[in-house]
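Shared chain: chain A. Partners: chain B in the first complex, chain C in the second.
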Partner chain A sequence: MNDMMTKLKSKWLRFKETDGFHTLMGSLFAIGVGLLIGIIIIILVNPSESGEGILRLIKGFMNHPRGAWIGLGQLLYRITPLIFTGLAVAFAFKTGLFNIGASGQYTVGLFAASMVGILGDSLGGFQWIVAVFAGMAAGFIWGAVPGIFKAFFNVHEVITSIMFNYIGMYLVNGLLNSSFLRTRVVDGTTNRTLVVDQAARTSYGPFNAIFPNSGLDISFLIAVAVAVILFLVLNKTVFGRELKSVGMNRDAAKYAGVNEKRSLILSMAIAGMIAGLGGALFILAPSTRNLGNAYAIENVILPAGFNGIPVALLANSNPLGVILSTLFIGHITLGGASMQSVGFVSEIVDIIIGVILYFSAFALIMTQYLGKFKDYVAKRKKDKSLPPSTEEVKEGKQ
Partner chain B sequence: MHNIIEMQHITKRFPGIVANDDVNFTLRKGEIHALLGENGAGKSTLMSILFGMYRPDEGVILKNGEPIQILNPNDANEHGIGMVHQHFKLVEVFSILDNIIMGAEPTNFGFIKRKEAKENILELCKQYELLVDVDAKIQDVSVGMQQRTEILKMLYRHNDILIFDEPTAVLTPQEIKQLMITMKNLVNEGKSIIFITHKLDEIMEVCDRVTVLRRGKAIGTVEIKNTTKEELSKMMVGRDVVFEIEKKPQKLGDVVLEVNDLTVVSDRTKKHVVDHVSFRVRKGEIVCIAGVDGNGQSELGLVLSGLIKATSGQILISGDDVTQKSIRYRNDHGLAHIPEDRHKHGLILQDNLANNLVLKKYHINPFQRHGIINKEPIFELGNKLIDHYDIRSGQRLKTRVGSMSGGNQQKAIIARELDKDSDVLLSIQTVRGLDVGAVEFAHRQIIKARDEGKAVLMISFELDEVMSVSDRILVMYEGQIVKNVMAKEISIEELGLYMAGVKRDTVFVDDLSKPIPASIEGDQTHE
Partner chain C sequence: MAYFISQSLFFIIPLLIVAIAGMFSEKSGTVNIALEGLMVIGAFCGILFINKMQGIGAFANSPQLLLIFAIILAGMGGALFASLLGFLAINMKADQTIGGTALNLLAGSLAIFLAKQSQENHAVQITYDKEVFRLNSDFLKNIFPNINYVFFDMAYLTTYIGLLILIIATIVIYKTRFGSRLSACGEHPEAVQSVGVNVYHYRWYGVLISGFLGGLGGLVYALPISVSFEGTVAGYGFLALAVLIFGQWKPLRILFAAIFFGVFKTLSVTFFGIGWINYLIIEFPNVPFGMIFRMLPYIATMVVLALFSKKSRAPKASGKPFLGAAR
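Take a look at the complex of A and B:
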């Protein structure tokens, strides 16, 4: 027992020195400031109801009418697509690319998966697996194209991936309106795609027993697994190192022997694949809650991709951090929704998220200041006990 | 002459390092005062404090005896302090005129009075004999003219304390000579100059006094007329520096680098930047490609390393034709490469030192197993190289390379490349920006590599380096090799004639294709 405590303690001490810890502290600080400002706004807007409003904001998923436990299940269900798009943005960030095209990749993934899910009856028990892979493949291609443009023609990925959001959305809508698909996969009255076949749906796994009727299915587990895999790939493998070095300094990576064009394209393609997987799992969900498994044919870019950007930023692009940041953002979004019933607009949550992003951008600077402050306190303490000579300080430092 | 600037008891600490430790520094009115020190000795930090980019942890700054506060570069400017940074702070797409007036534009109801500004600047150009084309854009003019723009920026703001941070590192010999004249003009007009450098010859030529820093401490201030180069270098490094490095006689081995009829045609200008070049380098010799910058040496370096493609011709390393092979293939099959541009190619500045030291090896055993990075051997290698090559940094392996001094960055590259198991070392501008101590160190390491049987191909624009290190010299002029000669058999003057294109050996390429005449090899080995 004691052994384990000391072991844990030493692990904790080591973790405290890592960059990850500093980022975490910076993010927590930003969250604190964001919530504080949100609370001030709530009080200013409607002082009489502010107590209830703040409580609901903080309670988040726990506001669920069927209790906090089911609320937790619903929170996990809601955030799953966001984890995927957040990872798609974060992974690209880590390799020095700004993947603003997660929406497009998500959309084509969703489309490809639902086509297999509706039309692939002959696949039998494999239908959902094939559908998932089809979604991943579509996202892969949609991510790879901006990568190819960047690698060979030096076109900035932000521009191409924004354009590919539109191209993806219009292409999907155009295909759905084509004479072949219109009659087979679209429900004319709602102007939505048909619900995918039963065989194409993913499984609830253990979650229907744990969180009855919350909608949560195995895609959450897949999301967590993908986050862990990405974390390991980026930090532990030669492949991840090469992708990251290309992101940090393309010329030096090339000099060191990395095939920098290939790495660049793969970074974008993998990011696209993750977003595509998110879209696929969204449309293949076993629960029909929120009309999850039907795509509305509207000329609007799905917000899921863009919502991945703040998630990735707040997590400082750490794949494991993405899970935490989506949990938080999902939590206060649910809180915001529940605040509406006492007369507040849910957009207050957007303000809070905005403020948090601002401050998390300064997170690194702030952790530095916190570090300096800590040094100062430590010095004061030391000064009191035993004033070191300047000579000593220097010896220690060199 | 009174003291115009006094910096007293300046101390500045950074994480893991004391950059300035109780430093005193005084600048007299009308003098050129050199600030001399090794890479990372704290020169740039001290001047950044004076220019308001850093605030000192302790100490005061006096101007004309009055204590002043310099919180930012604008304050410094108010007090008449200007600085020419090592890396120029100019807007590439602006004209020289716009760059000079930027931030201090004369205006009339918000409109810039360009005409008046131009007259003022032309006046300044005449007064200080600074030749610039005020309407040309920065991106179109030479480095020398960019530097003169920086000088004019200071003059336009009526600065009278001018800081030059390693101004000669980027200049050609002619431009350096011109700069020296300019500096003398400036002090004659009543300006005071602080000249940061580690080139002793330049200090001896123009300076009045010199303050030497070593590891953050001021070692002393001496009058130039009372000192010598040897004494200064000893103050700077803390030991005697050997300018002439002794070399063991050559033990020539097989040809390991063979270049046949290599040609590179520039995409942009369609010029033959490397023009049918052929040569051989054998084990145990240092061959140096001499020449004035811009005669195709950079491209030759790039094409040998694989960073650009050859248009035609052949490159063989130990008999293996690598012309069409990838960079990684060359790295793994016997080529080590110290690149010309250490920030662009040599290092990943945002990454830490450990990762940079293993930059070319992380993909091979034991640094990885089955695609998984293996940290222990990487740290082991890093620690070994840091100790062996005396790479100084704040937090050793964890140091972000971008925060290290230029000299130590270069040491890290040299360490990485020399440690590599390779037959051919391609080293380009090896000692650019290094102080005498580090230069001596780098040259010793390269000669050691030669004695261990590596073939060394150096590309250098500095004649001193060419003459002191190489065994054999190839002169490159307009993309062609115009002279092949043993270093001992040519004088600097004659070499200069070949470099300038005045003399050239005509039947040269044929000569090179044959092995070196036995008599020359014989002479060498018997020495």
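Take a look at the complex of A and C:
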């Protein structure tokens, strides 16, 4: 028993020194500041209702009228697309690329999947899986483009990604408005795509039994699986190391024998594939809650991709962390929605998320400072008790 | 043609101003991905001011003066907001991408939140009357009616402010000691430090100028295209970022990039009114011209970039926190 305690303690002590721990502490600090500012805003806006407002904000998914359990199911259902776009941004970040184009990749993935889902009746039982792969392929191609432009033409991935967000959106809308598709896949009165065939829908899996009528389907499990796979690829495989090495220093990676152009393109393409998968699973969802299964033909870039950026950054681009940060953001977003019925505008939650992200940017630095300060204090104590060693004297002179 | 040019100015001028805003920040060494947020804050401050003043009937006889005050206010709002980025990037030496993204998020939500709080019916839209700001002048009307239409009748004061900013920015960057020191801070801060110039100060100047121009550009963008502001500038800050990179961080190239993009963008919204294109549309009914013209500004930009980007001239130390004396 005592053995186990010491073992646990040494494990804890080792964990305390890791970057992961510092990130976690930094994130918790940032979340604390963000919530504090949110609470102050709530009190300033309407002191008399502030108690109820704060309670609803903190309760998040537990505000659901059918109870906390169904609320949890709904939370998981709502955040699933965000996990995918968050992962698409995070994976690219880990390999040194800023994927601001998740929106475009998500949109083309969604489009490709819904086309198979509506027009691919002859596929029978394979319809949904083909639709999923179509979405992944479309996202893969859309993600590869910024990689190709960077590898061969030296064009920054940020600019290509932004341009291809627009190109993807206009392409999809243009195709949907073409004479061939307009009559077959678009509902003229609502200007939305039709809902996909029954055979193309993904399965509820075990979730309809666990969270009845919450809308949650197997997409969530796929999202978690993708996060785990990405974590393993990045940290445990040669391939992942190669991708990361190109991100850190392209020339050095090239010198070390990595095909740096191929790695660059693959990094972006994989990121695009994940976003495309997210779009596909969103449109193929079996539940039609929140008009999930239809795409509205408007000349607006879907926000899903941009929302993935704060999610990824808050998690310090760790794929497993993305799940946690998405859960948190989803939770307080539901809290914000519930706050509206007592007269608080839901944008307070967006302000909180912005503040959290802002402080998380230097929370990392702060924890490092704190670490340095502790070292300094420890050193001072040591200096007092012991005469300085020769090495330290040398250091001091420099 | 005159209509086309007059419309294209509504795209070109804000892109120009905001890309130059980004240039000042990046040349001094701070990547400014928060241009979108700066635009939102600037547009919000300026338009809320116009809304309130028009509401109480102030400046009714001198709309241009009202516009100038609104522009200054928009710039100051932007600069104040940018100081959040400056503190994070320069003093705290934190990740500038995270900081910029946080500011973009904050700006959008703050603008909507404040709009809802400051208006009686909790409306998101802040309405204003833009017609009073049109120059509506008869200058040169008899001799050059087209020039009158573009630059004096349909134009806003903001067009000239944009051009003025371009000229001043070019002179400042290339012809003044301040400009060369600023640029040096983004290229080789250690060298700047070694000759006794405070890198932190110059990076702060860069960020604050960037904030002022970004906020101002937000108002310039939002004012003429609508009759109400709803807390968004529709991705224009990101397009300005693209124009900045397209323009290789050089003022005159940025002007060229903004014109290039702006002309194609205008074409994409006015193409059906142009004679020969209309003829093509009727002649080839199966070609999806609408889609092609909407995608054209973005595709054309990518083609040009692919051809001319082999040698990129990004400031070398941009995005890297300055850690102090040379080591």
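Everything that follows uses one rule, which is that the second predicted complex is superposed on the first by the 356 of 398 C-alpha atoms of A that agree within 3 Å, B and C clash if a C-alpha of one lies under 4 Å from a C-alpha of the other, contacts with A are read in each partner's own complex, and residues count from 1 in each chain.
Keep this in mind: a contact is a pair of C-beta atoms (placed from the backbone, for glycine too) under 8 Å apart; a residue touches a chain by one contact, two chains touch by 3 or more.
Since we're looking at a predicted model, the values are computed, not measured.
J.: Should A:L55 be classified as contacting the first partner (chain B), the second (chain C), both, or neither?
T.: Touch status of A:L55: no partner.
J.: For A:L123 in the superposed arrangement: first (chain B), second (chain C), both or neither?
T.: Neither partner.
J.: If you stack the two complexes on chain A, which partner ends up touching A:F153: first (chain B), second (chain C), both, or neither?
T.: So A:F153 only meets chain C here.
J.: Which partner chains sit in contact with A:L194 here, chain B, chain C, both or neither? Use first/second/both/neither.
T.: After superposition on chain A, A:L194 lies in contact with neither partner.
J.: More chain A residues touched by chain B or by chain C?
T.: Between chain B and chain C, C touches the greater number of residues in chain A.
J.: Just checking: does A:K254 make contact with chain B only, chain C only, both, or neither of them? Give me first, second, both or neither.
T.: first
J.: For chain A, what residues appear in both contact lists, the one with chain B and the one with chain C?
T.: Of chain A, no residue contacts chain B in one complex and chain C in the other.
J.: In the complex of these two chains, what residues of chain C are touching chain A?
T.: Its residues touching chain A are 84, 88, 92-95, 97-99, 101-103, 105-106, 108-110, 112-113, 116-117, 122, 235, 238-239, 241-242, 245-246, 286, 288, 290-292, 294-295, 298-299, 301-302, 305-307, 309-312, 314.
J.: Could you list, by residue number, the parts of chain A that touch chain B in their complex?
T.: Per the stated touch rule, the residues are 236-239, 241-242, 245, 248-249, 251-259, 390, 393-394, 397-398.
J.: Note which residues of chain B are touching chain A in the complex, please.
T.: Touch list, chain B to chain A: 11, 13, 16-18, 21-22, 305, 307, 326-332, 337, 339, 344-351, 355, 359-360, 362-363, 368, 371-373.
J.: Flag every residue of chain A that touches chain C in the complex, lowest number first.
T.: Within the complex, chain A touches chain C at residues 45, 98, 100, 149, 153-156, 158-160, 162-167, 170-171, 173-175, 177-179, 299, 301, 309-310, 313, 345, 347-351, 353-355, 357-358, 360-362, 364-365.
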